[in-house]
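These are the structures in question, set out in turn.
Two complexes, one shared chain (subunit A), two partners (subunit B, subunit C).
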Partner chain A sequence: MRLLTHNMLACNIKGVTKGFPLAIEVTKLETKESEMNPDFLRHIYPKLDWKALHDAAHTLGLNDIPEQVEPAMLEDEDFLQKFHHALLEVHLEEGALICPETNRRFPVTKGVPNMLLNEDEV
Partner chain B sequence: MAAVAHYWASCAGGLEFALLKELENLEGTSIIPGIDSYGGVQFRTTSAPQKVAELRSADNVYAFLSHHKKIPVDKESGMAFLGSLAGKIDWEPVMQLHRLWQETEEPDSSSGISDPLLTINGMANVEQTHVTPQRSFRVTGNRICKDMKKHGYTSMDAAAAIGDGMHELLGWPADMRSFNVEVLAWIIDDELLLVLALIYSGNKKKTKNLQNVSNINEPCAEVEDVEGSEQVKSTKKKRPAERPSRADAQLYSRRPYRKALVHTSLKPSTAYGLLQLADVQPGDIVLDPMCGCGTIPLEAINWLGTRVMGLAGDFVDTAVEAANINATGHCDVVRWDASMLPLRTASIDRVICDMPFGNRCGNHKVREVLCPRVVKQVVRVLRPGSGIAVLMAQSKTMKEEIEVNQKAYLNLQKHFYVYMEGLKVDVFVVRRTSEPAPTQQIVRPIKNMAKRKRDGQLTKQAALENLSSENPVQ
Partner chain C sequence: MDCVVELEKHTTVDSLHSPSSLRINRVKEHRKSFSSWQVASPRRRSASIRLVARHPDVYEPCDDSFALVDALLADKVNLLEQRPSLCLEVGCGSGYVITSLALILGDVGNAQFLATDISQTAAQVTRETLSAHGLQADVVVTDLVHGLEKRLAGSVDVLVFNPPYVPTPEHEVGAAGITATWAGGERGRVVIDRMLTMVDNLLSTRGWFYMVTLTANNPSEICQIMKKKGFASRIVIQRYTEEENLHVLKFWREDLTFDYDYNSETGGGGATPQSSFSSKMSRFAFWK
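Then we have the complex of A and B:
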């Protein structure tokens, strides 16, 4: 699971209103390099919840994601590389995602989060 | 100057627009209209085989042989007609094209098709004389009755008659198992399309089928008779392990991400056709909430590269496993219930989904409840004003959901039919209006629903209770 995906995942247990962002429990991380596409990054940036990305990156041990982004930074190669790395190259292979409201644990195995709910949570 | 090659490219009926669009960009190409009963497009091109092999919307490409309408369907004149077909074809350019394709392909010693005759005659013969080199061949017949009762011959009879004609004319030996040339004869009522296969070797990687197919019903096709035809999906017949599967010797089976499959996996060529409708933009997140082995998001990435992010999710563990094996590039896989997507509202740009239809979901009633719920989720997660969804399904309740219940949130841009595997399927292309979605739109589960197991089947107790109560299942 990449942080881009994490930026969209939310807990959907019935009645939960603050199910995003999910807290991350890291057991195993993996870095898989991939080609950076600045155009993609510039288009995806406005769609992200930046605070959630910043906090998640921090949990994963990536501390070079700034809290605020100025538009000019999206032209800076150096920033884009760090942005790309945090968003797309770091994978949570084993661990869990935790609902901030209910503390419900969604396990992550082989990079796949299991978001299935039990019958009583539906 | 490059020779003009004459092709037939097959695709699901209704998706020809995608092929036509790709062919616009294929150099030196002209479309030949006039064949409408079969899914596909006839064209001539001077482009090299490598270029033709890049067609994403083609299920497969063949050398065009001939097309006939109003063929005799009674036994005697029918068989005579079929036997005469070989003599009406100019074989030289066809075999040149066939050879060109075999040369272009990677030599694959494990393809299981022996070729002793070609090596005996060699290539030199062809240049010096106009005698077509010897080849072993087979004819595969496929016969469908739509508006008529029955042909006076079976598809095997038809194949044999055509084969006899070919043998008489060309002298090639027929060999049903070990052949380097295959002619396919597709008969629909009194129409016949005759083509020659250009792709013979299967997918080099062994594709794994992760779902146990024995406990899922056979898809019910409208095809009345496929006797003698080996173009059935590998799920319909058990085949000996050594023989390369016909499903593997298709253009679409060469996609690099197609390693693990599930029962009735969507063809990448069909996925591409659906993607074409979605007007995917750079920076888009392409979601398939019922992804199976992940074909749709992975086709998007294979086509558009790092311009997009794929998000593939499914409910069943075998599907999630297959998608995870296949996932390559910027695509993540999540296990979820599509009727309750764990995604932020208004976070997705494109949803492209091949919803379960036919007997795939196993239970018609579950499907009719599930599909509208998934539509509600799609409405919720799509970005208002710009989000687009392309949904393929066979579901009356879903049609109603889109056209009536979600009218305020979805603009129906296109609705047409696709014909695949003998089924007529709806395709809806919708654009999200600017109207913000109501939060969650969770349908309050009725009492009976809570007693269903995760795959929708009633638990034993609930089934008994259902029998005695008058509660309709909604």
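Then we have the complex of A and C:
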């Protein structure tokens, strides 16, 4: 699971009002290189919750993601490379996602987060 | 259109089986015919069946999967023109469809692909299929789109769904193993109807929703339900086997008017403006 997907996931247990962003518990990370597509990054940027990406990246040890982004930075090759790496190249292979409100743990196994709820949580 | 020629090539006639066993038995037929069919369609850009990962509990690509991919191929010109940012497949199973969609849209290159399945095994199989084609997309294990609906609200440009549509006893819906991949409860509508309630929230203003249905699901009624939610619809592909009449339906927000190339149904011959559900009523009549 990449941080791109982490940015899209929220805990939706019945009654939870703020299930986003999910905290990350890292057991195993993998880096898989991929070709950078600046247009994709510029396109996806406005859809991201940047603070969630920033915090998640820091949890994964990617400390060069700035807290705030200026539009001009999206033209900067160096920044785009770091953005690309954090968003798309680092995969959480084993670990968990934790609901910020209930501390419910959603396991991540072989790169796949399991968001299934129990019957009493729906 | 090259895709139209392909439509008939893997439409096989099955011997009589119960609906449930039917979906498995058909796979063997397709395996036999697929290699020659693939050679015959060198321009096809869908997932290679030989690279699709398998597991006994995961539904293998079959008539319905092929119909859905053919519908996407038939709509390729429009898909490329729409330049989707986010494509989501719900119930990805083997990964054949999401992989094909990613290959179809490969030329535009700016789309994000996401897939969900309720089965952890299916999610792994989809990952393997994507990876065998050199693609990266994330897969989430969840019930339909739970956990994604808040953040994806209004963002999904292409939503694809091949539901468990076979009419079965209610208790088979969501049962263990392979049964859950086809068991659709009464009229095959249990999972379909749950999904229909989520489409409006998920789709972007320009979003499209493609879904496979069976005649027994009453697609006409499905279109009417969606019409009340503000969606126009059309049949992208109809496919008849001895056992099943499959339809791939496409929905879009009715307040948007498109005027783009659409020639999949007739097999070519120029542009036809996208038409709304009301003008299709005569076509739906035979379902009743």
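As a working rule, the second predicted complex is superposed on the first by the 122 of 122 C-alpha atoms of A that agree within 3 Å, B and C clash if a C-alpha of one lies under 4 Å from a C-alpha of the other, contacts with A are read in each partner's own complex, and residues count from 1 in each chain.
Keep in mind that, in the parts below, contacts are C-beta pairs under 8 Å (C-beta built on N, C-alpha and C of every residue); 3 or more make two chains touch, one makes a residue touch a chain.
This one's a predicted model, so the numbers in the text were calculated from it and none came from an experiment.
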{"item": "Superposed partners subunit B and subunit C on subunit A - clash or fit", "value": "clash"}
{"item": "First (subunit B), second (subunit C), both or neither touched by A:Arg2", "value": "both"}
{"item": "Touched partner set for A:Lys14, first subunit B, second subunit C, both or neither", "value": "first"}
{"item": "Touching partner for A:Ile44 - first (subunit B), second (subunit C), both, neither", "value": "both"}
{"item": "Which of subunit B and subunit C A:Ser34 touches, first, second, both or neither", "value": "both"}
{"item": "Touched partner set for A:Leu92, first subunit B, second subunit C, both or neither", "value": "neither"}
{"item": "Which superposed partner A:Leu116 touches (first subunit B, second subunit C, both, neither)", "value": "both"}
{"item": "Offending stretch of subunit B which, after superposing on A, collides with subunit C (from 3-11, 75-83 or 111-119)", "value": "3-11"}
{"item": "On subunit A, positions contacted by subunit B and by subunit C", "value": "1-2, 4-5, 7-12, 19-20, 34, 37, 39-40, 43-44, 47, 49, 88, 106, 110-117"}
{"item": "Residues on subunit C engaged by subunit A in the complex (per definition of touch)", "value": "85-86, 109-110, 112, 114, 118, 120, 123-124, 127, 136, 138-143, 146-152, 155"}
{"item": "Residues on subunit B engaged by subunit A in the complex (per definition of touch)", "value": "281-285, 305-309, 311, 315, 320, 324, 329-330, 332-337, 340-344, 347-349, 383, 440, 442, 445, 450, 454"}
{"item": "Residue numbers on subunit A that touch subunit C, as the complex places them", "value": "1-2, 4-5, 7-12, 19-20, 32, 34, 37, 39-40, 43-44, 47, 49, 88, 106, 109-117"}
{"item": "Subunit A to subunit B touching residues, read off their complex", "value": "1-2, 4-5, 7-12, 14, 19-20, 34-37, 39-40, 42-44, 47, 49, 88, 106, 110-117, 119, 122"}
